[in-house]
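Note sheet for the following structure.
We call the chains A, B and C, going by the order they appear; numbering starts again at 1 in every chain.
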Amino acid sequence: MRYTEFTPFDLWLLTQGLGVTIGLFLATSLLGVLIGVVWGVIRFYRVPVLTQLITFVSEILKNSPVLVQLFLVFFGFPGLLKMNVTPVTAALITLSANTAAFVYVIAVSAIESIGRDQIEAARVFGLTRWQVLRHVIAPQAAAFSIGPLTALLVNQLQVTSLISVIGVMDLAKIGANLNLRTLKPFIVWTAVGILYYLAAKLVAMLGSALEKRLRAHSAFRGL
Amino acid sequence: MLKVENVKKAFGDVIVLDGVNLTVSPGEVVSILGSSGSGKSTLIRCINGLEKLNDGRITVDDFDVSKPRDLAEARKRSGTVFQLFNLYPHMTALQNITLAPVEVLKRPKAEAEAEGRALLASVGLGDRADAYPSQLSGGQRQRVGICRALAMKPRYLLLDEVTSALDPEMTAEVLAILAKLATDGTTMLFVTHEIEFARQISDRIVFLEKGKLLVDLPAEQFFAPDGGLAQPRVAQFLSKMRKD
Amino acid sequence: MKIDLTILAPYVGFLAEGALLTAEVCAVALVGSVILGMLVAIARTSQLAWVRGLAFAYVDLFRNIPFLVQLFFFYYGLPEIGIYIDAFTTGVIALSISGGAYASDAIRAGILAIDNGIIEAAEVSGLPRRVIFTRIVLPIALRTSVRPLGSVLINMILTSSILSTITLNELTGNARIVTSETFRPFEVYVVLLLVYAALTYLVSIAISLLHRWLNRDMQPEVN
């Protein structure tokens, strides 16, 4: 017989699911930001072929459904690459790559937002391209991109819910299981929705707090 | 009759109109002079109901603009031409003109269009009826703005610095039309910086200073040494404007 | 294992059927979200605080909760309260509601960008509020928000792939069926990624053309 009432243990399950969601979100965000920034730097150096390749891949990743990307990695990679892909691995690969594609765009526009004249001035003083990147571009670009990056991450947090479809035990998957067991969809999905909502708000809040701090550093403080 | 009685208007702590009294009778052309910030435009915006009064009363043919029930009728009787034209950007010149007659006065569309075309022709824009505002010069836009106001057959035409945004050549185009309207007997309340022009077309000239109406005289007396010029502020204003 | 795309040839028609369903679901949901977006944009400029608050809550909630969760809420929840509708209708409802939150932002921005003087000119000519809204405010706002609304549509096309999880056999749903018959997930999903990317690319071109055509009367001055 199935047990259709909610139990305190369900709360524990939900918390676990939330933990998996947040853990994978943090990991893939970190990886995604790293990869995206590296891609941006490759473009800054105008590395031939690689730059075009990255731009193409990023366009495809941005303009196709994450769900299909997940299916490709989870169902398609094992046969092709003769490797075992677990749901979590597939989730890590897909979400990191997807985040990277969007971070790349933010990084490129952040670098472009810095005036050519500034870069040329720094070059005239004999700074290498790397030094210009580190000391002139990076600090300004970071302050510039915090806003768009926060918006992106709030969105990517929601995208993580798709990994439940390939069986990762994240918040959405726990919700689906609870839904099947209790047959109380309104309560279950409202609770799951609220948890996602609160997590999203937390990310947005942290982002704007960080932005304020970075802006305070780059703001003109008067004479 | 258009009556402004003891009108007071403040934006926060700033008093913009401080007990203004003014009457415009049908057929009259009244110009309002005064330096920037004297409250001229605010007065116009109070008359057409865009600003709420703090005190006093404004009636257009006995319809009180402060009463929501009367406002629609008061607005039908007055037409406003704006400094920055404010044409509807997504409509052609003709559509700008016919929208209100069709929607407010319930005029048949064909009739409103025929009248709109005639109005445009009368201001020299007969061939621009289907042009969009962005395709017209500033002077042309303002002429469309005048037609839009006239299409409602207003009893009073309110003109709020209608040439301030135009270069001299375009200003001349627009003033020529206003002069013609004045000779045709259109009632006008005319906020302007064009002193010489005001002198030519006005029956009366009033002078606003810091929200108070200092002078209200027939045009010729306004410029007479023993009339308006006897007021030191008016003399100062006129000599400054002429220098500019 | 070798990549062999020819095995997909027999399924082209089947996949095209799925793509057609994707187009249908998105077309209906686009209309739904623009209408909803308009209503919510109006509500957000209301003079009544509670109406504004409600509209804001809607936008905030549906933008911060994963679409998958929203979809399951409706898919499993509606039968619970006696509403039995098919997957297509459920998908349209969910996409419309979620898209409406984004559309309302786009339309609201379009409304706020309208020069106040234009509205004042309409007011003093005695036009009733309803006419001002339908003849002046909305047409101007919709024109300026064509591009952001286009982004809403592109997002919707990508999001509609999630409808495959509620048994709707749109493009992704049919692709899943093809993989289960061919056992060639890699080929199927790679092609699917490219099809989606091409689809959204075509849509973005169409939007640019539409934008230019709608704003043909707002060309720069010809003084």
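Keep this in mind: contacts are C-beta pairs under 8 Å (C-beta built on N, C-alpha and C of every residue); 3 or more make two chains touch, one makes a residue touch a chain.
A quick note: this is a predicted structure, and the numbers were derived from the prediction, not measured.
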Checklist outcome for this item: Per-chain C-alpha mean nearest global C-alpha mean belongs to chain C
Next on the checklist: Measuring between Cα centroids, which chain is at the maximum distance from subunit C?
Outcome noted: B
Next on the checklist: I need the chain pair with the most C-beta contacts, please.
Outcome noted: A-C
Next on the checklist: Using Cα averages as centroids, what's the distance between subunit A and subunit B in whole Å?
Outcome noted: 58
Checklist entry - Counting in whole Å, what is the centre-to-centre distance of subunit B and subunit C, each centre being its mean C-alpha position? => result 46
Checklist outcome for this item: Between subunit A and subunit C, the Cα-mean centres are separated in Å by 23
Checklist entry - Can you list the subunit C residues touching subunit B in their complex? => result 115, 117-118, 120-128, 131, 135-136, 139-140, 143, 217-223
Item to check | Contacting residues of subunit A [partner subunit C, same complex] | outcome: 59-60, 63-69, 71-72, 75-77, 79-80, 82, 154, 158-162, 164-165, 172, 175-176, 179, 183-186, 189-190, 192-193, 196-197, 200-201
Checklist outcome for this item: subunit C residues touching subunit A in their complex are 1, 3, 61, 64-70, 72-73, 76-77, 80, 154, 158-159, 161-162, 164-165, 172, 175-176, 179, 183-190, 192-194, 196-197, 200-201
Next on the checklist: Please output the residues of subunit B touching subunit C within their complex, sorted ascending.
Outcome noted: 48-50, 72, 75-76, 78-80, 82, 84, 86-90, 92, 99-100, 103-104, 132, 134-135, 137-138, 148-149, 152
